[in-house]
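Both of the next two complexes hold chain A, though its partner changes from chain B to chain C.
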Partner chain A sequence: MISAVRSAGAVVWSRGLARHSWTVGVWLLLSVLLVWYATLIPVFGQFQVTSISKNSLPLVYLAIGQAIIVIAGGIDLSLGGLLLLSNALAARFMEDQPFAMVLLVALLLIAGLALLNALVGYVISISGVPDIVVTLATGYIWSGIALWVLPSPGGGTAPEFRWLFTGAESGIGGTYVMPILMMLVPALVVFFLSRQTRIGLAIYAIGSDDTAARLAGLDVRRAKMASYAIGGALAALAGLATVALTGTGDPRFSVGANATLNSVAAVVLGGIALVGGTGLVLGAVAAGVILIMLNPILSAMGIDPNNAQIIQGLLIAGVMMVGGLVTLLRERSA
Partner chain B sequence: MSHSSPPPRSETEHVPATGLVARAAALVSERPTIALSGTLVILVIVTGIIEPNYLAVSGVRNTLLQAAPLGILAGAQTILMLTGGIDLSVTMVATASAYVAANQSPSGAAVAILLGVVVGLVVGSANGVGVAVFRVNPLIMTLAMSGILLGLFTAWAQTILKGSTQVGPFIKLIGAGSFLGNRIPYSVVVWAVIAAALIWLLRRTGWGRLLYAIGDNEIAVRLAGVRVWQVRITAYIAAGVLGSIGGILLGGRTGAVDLQLANAFLLPSVAAAVIGGTSIFGGVGGYAGTILGALILSVLNSMLTFLNVGQAIQQVVYGAIVLALAWGYAGLTRRA
Partner chain C sequence: MKKQSKRFTIVALLLTAVLALSACVGVAPADGGMATDDSMEEEGGYVVGVSNTLVGNGWREQMICAIKAEATASGLVDSVIVVNRNGGPTEQIADLEGLISQGVDAIILNPTDREGLNAVIEAAIAQGIVVVAVDQAVTAEGAYVATNDQTAYAQLGAEWLFEQLGGAGKVVEMRGIDGVPADTDRHNGFMAALENYPDIEVVASTFTGWDPSTGAQQALDLITTQEIDGIWTSGIDYPVVEQFQVADVDYVPIVGADNNGFVEQLINLAGDGLVGAAVTNPPAIGAVGMSIALDALTGNNPPHETILTPKVFTTADVDGLTGIYAPDEQVGWSTYVDIEPYTHYNGSADVSACAAPGE
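For the complex of A and B:
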């Protein structure tokens, strides 16, 4: 199921739309929710857009990373652990440092976690142990190291660094330009990487059928490691966004576990099947924002947080049931 | 999740058993439970060396008290993993069941336990319908269910389930008590009964064989005339009930319940089944291995507690050992 919409002919476009109907649907759902939210509250402006976009940064990053790994036929349950590790290391080493030093730490973390997760991809590839098991175990290891680096919530970062992700040096208020830029740039980079480059094509190919990919002469191991490296880099970004948003590090295990599960939910909601080889990274981006947006929407409707959790669960299950039914009907009619 | 199947290798291809070592290796790869039992024995001995008191009755009893609920929850995962599914809501089911059981304890133990198990029945059915009829991915269905349950019970804890969070004396007895001079916990007896039933169901009944068959090749099973969706629903119901029983035992062990009761058991319940050799892709495995997996993880937990190294190192060592065991298992069964 590899498509490449390159030429701009109308037929190609409509075919592309039909093939990626789920991705289009998720973006439509996001737009509808945004409009609905705007009518729900008396004033809808810069503050709301900024708050939604910056609060969804960590989940969107993880969702992009999870998406590329799932497309390659894997699944990474350690992304939450990597987020904790990045968050803890950043908060520990960025505290009271000048901005240049903070940026250096950030770049080192992105490169380091990409390498680390590529190594995990290598281990999965040579050991023959399923992805879900290896990453379950490494998730424990990364969150353990995070807790060792930062035994209790604390640490800090430079104000300029907080501005980079939130648009405000204090992390409160600010404009939506920076958060939206920080969301779209990595999303588009990974999207084009996955659709327009050799390695992206290889990632779709091994997720679709790794035996066929190997027989066609692709380096399956390299493509797998590449997908895990991208996932690791995005998890590092998610940890950096968390430190920028909150101003501190929080190494609690449950934070990481929830982040992992939400990233899987965002990927599936975004139309990327867990069997691999299908879907677009952009779908996961919209789904990640939707998952975060549900909270302010439900609280704007005057629903208390406990019921909001129930509705969120029902919504996820409901959307997936409708999607399942549609697929079923399509299969029947085909 | 891609099925990275190794190149087909003929089963008759023999490893030349030249020496004792080679023959032992062949035997172990033939029956991986031997390797698991060996690992368990080594872990017990190492723990005994770290803390000499461990090998005395009470140490082993404590490990067993922890292993029983874990083993039962891992049983739920084993059944579902055989069909290619998974249950991320099993610990929330356990917590919810224990909560209901504690709340109903004033009306007597039988009512309390029964109502607790009803929670598992209802949630299991809902999961089953979502996965089997609506074809929702099991990871997502059970994850969403877990969120729904957490929300419902957080709200209910202040309304209709307001009241006792202490479990009754009978539940406390089966969850934490022991007999034969404080040697054997009652919860282990419950576990043993469930284990025997599960092993019998999986190995000797048509239902059990269907679970393996669905995990192996669902399309073939459907073409053979089996109503796959019905089998799947019953599997999720069975998993829900096991979750309930595990949760009630856990509630009995701690005496009081809260909404975080079983949280920490989610990843270990999956890990126990995986270490025991049940494939996450379905069709391969069994409950005997899961029992050993649950025991290994519980002994490991006791060992790390005795070492008193702090939570950070505990998590790292736990993850490293789970990875090493899974890797070793894959290496052994692949017969390089």
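For the complex of A and C:
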């Protein structure tokens, strides 16, 4: 009896450990990369930490949003499109406005895109059309509307709003307090939401097995919509961060397409299986920062920029294969 | 408990292995990069960063090669760090911050935005880094700007064409991409030239997207369906000339850029009645930027704004055309590479070698 309980407990523990070990591993990888980067360049100080943390913000937000949707068993290829839409609307309506108005626009955008994406989750849920198809289509729609709102790069925002994300009203040269806060607060909020609340557990449950979740009496549709709403809100935040970083809007389609691909890469690298139901949001956060850091690191190593992308791809593939190997070993020993 | 810690060790070991593996990749170049730090004290031995955000574009690649070639020819540069990826202001700000972190002495960039990069450029300048924006301008305080005059590019070519037609006739304007600043500037230049020639009629205006096959198709449609006396192109030139051969139509005067293929046609087909003008839009503006950066670093106080007026090479001046023709290069190669007094390398061969110091 006791041993049975213990072994059941051990299974739960080892599963938990396996998940967390990946998250811990990604954060370890990030710390090692930071130390390594510090040795590659002549000076490593506030400027560099600020630079990395603020430049990571858009991808980290998008990765958190993608993570929640993937954990719920979906995938959202429209996050980049939503980023563009948020970016274009923000740059258009924040230009020459006082800070209070700018904040209002920001909050409206976060709420608006959360609702919009919840609607997409609803459509996916009732139509039965795969997530990848619906969000591919909506991604094009959002990108198109973004171009319509802001036909060419332009627009602006309030200096205080730039300070909020970058720690400096000009967008550069500030302290790292603000960008790190702006990274950690949404990350922790979504993390606790996903681990400690009823809806968060429902998101994990439907991603793991939605039939079982339905039979267990969970509202699958509600959890699906919640995951898409969180994704939409974070994509809006990513668009806002982009405006804060550059001080202008940039509605080009390629920006959104790249952002979507990078968000999926960050989720995978962050240890969140694309089949859903596993992984921690925090892993995607570290993975997002790692992906942003690769560029300056490879450049500081003197690697030909044309080879940098290959190495970036190999690194993701390598980490994934290590992950697969670990899973395999675990299954064998179990 | 034991089993779990064993698994944890496996994960940790594997991650370490990945790290070690990726570390190996970088060992050799990292050493090369370190060596530059010591020699920076006196004149020369500079480290120059280059930021470009359009990859796989022939003109931009030649621009980067021209920067490297000029760095090598100057003898003052230790290494050139190129950060090259597709992106917008967000990516370029990150790239510029990366170059600042690497402690470069100068940065040459082809900017994605006129104003969006100003803060990071000014931060670089505040740290004593010389910043030169090439091809497109930035408004940052203290930055050097070196551009090709796009308005004059169109105006000079169009004026040559209208003169060639005796001030009267039907012409086609083959533009680039709608909304791109260079295209807008060129269109303004074209219209400015047109104002002085009331008897010139623009019978068609197309957007080639600066794409050879698109431009070729448009040209074929135009010359086979309409009566045309002259064609002005925004750089899609040799494909247009080829359509005259395809359709077996008599040549009309044509204006293009300093593309190698077009220059070759102007030389070889002059006997068949081809009359044309190649107007320069040199990617060697990158080398001009390098030259300006070195002038600034060595205390020669170059002017903050340098605008290159395009040169016009016509079929009336065969020597001029053969002077810039580069027989070893591709049709899309921009032949006008030696820009006095800025460049010190030796012609297309040096630029084509694309070798930075130590490469």
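Here is the rule we go by: the second predicted complex is superposed on the first by the 315 of 334 C-alpha atoms of A that agree within 3 Å, B and C clash if a C-alpha of one lies under 4 Å from a C-alpha of the other, contacts with A are read in each partner's own complex, and residues count from 1 in each chain.
To be clear about the criterion, a residue touches a chain if its C-beta (ideal position, glycine included) is under 8 Å from a C-beta of that chain, and two chains touch if they have at least 3 such contacts.
These figures come from a predicted structure and were not determined experimentally.
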item	value
Fit or clash between chain C and chain B when superposed on chain A	fit
First (chain B), second (chain C), both or neither touched by A:Val264	first
Touched partner set for A:Val134, first chain B, second chain C, both or neither	first
Which superposed partner A:Pro151 touches (first chain B, second chain C, both, neither)	both
Touching partner for A:Gly112 - first (chain B), second (chain C), both, neither	neither
First (chain B), second (chain C), both or neither touched by A:Gly171	second
First, second, both or neither for A:Asp210, with chain B first and chain C second	first
Chain B versus chain C as contact partner of A:Pro159, first or second or both or neither	neither
Minimum C-alpha spacing, chains overlaid - chain B and chain C, in Å	5
Common interface residues of chain A - those touching chain B in one complex and chain C in the other	151, 254, 304, 306, 308-309, 311, 325
Chain A residues touching chain C - in the complex, by the definition given at the top	10, 13-14, 17-18, 21-22, 25, 28-29, 32, 36, 40-44, 47-48, 51, 55, 58, 151-153, 168, 170-173, 242, 245-248, 250, 252, 254-255, 258, 292, 295-296, 298-306, 308-309, 311, 315, 318-319, 322, 325-326, 329-330, 333
Complex interface listing, chain A residues touching chain B	73-75, 123, 127-134, 136-141, 143-145, 147-148, 151, 206-207, 209-211, 253-254, 257, 261, 264-265, 268-269, 273-276, 304, 306-314, 316-317, 320-321, 324-325, 327-328
Residues of chain B defined as touching chain A within the complex	1-2, 4-6, 88, 130, 134-137, 139-141, 143-148, 150-152, 154-155, 263, 266-267, 270-271, 274, 279-281, 310-320, 322-323, 326-327, 329-331, 334
Complex contacts: residues of chain C adjacent to chain A	3-4, 7-8, 10-12, 14-15, 17-19, 21-23, 25-26, 29-30, 32-33, 37, 55, 79, 81-90, 93-95, 97-103, 112-113, 115-116, 119-120, 122-123, 179
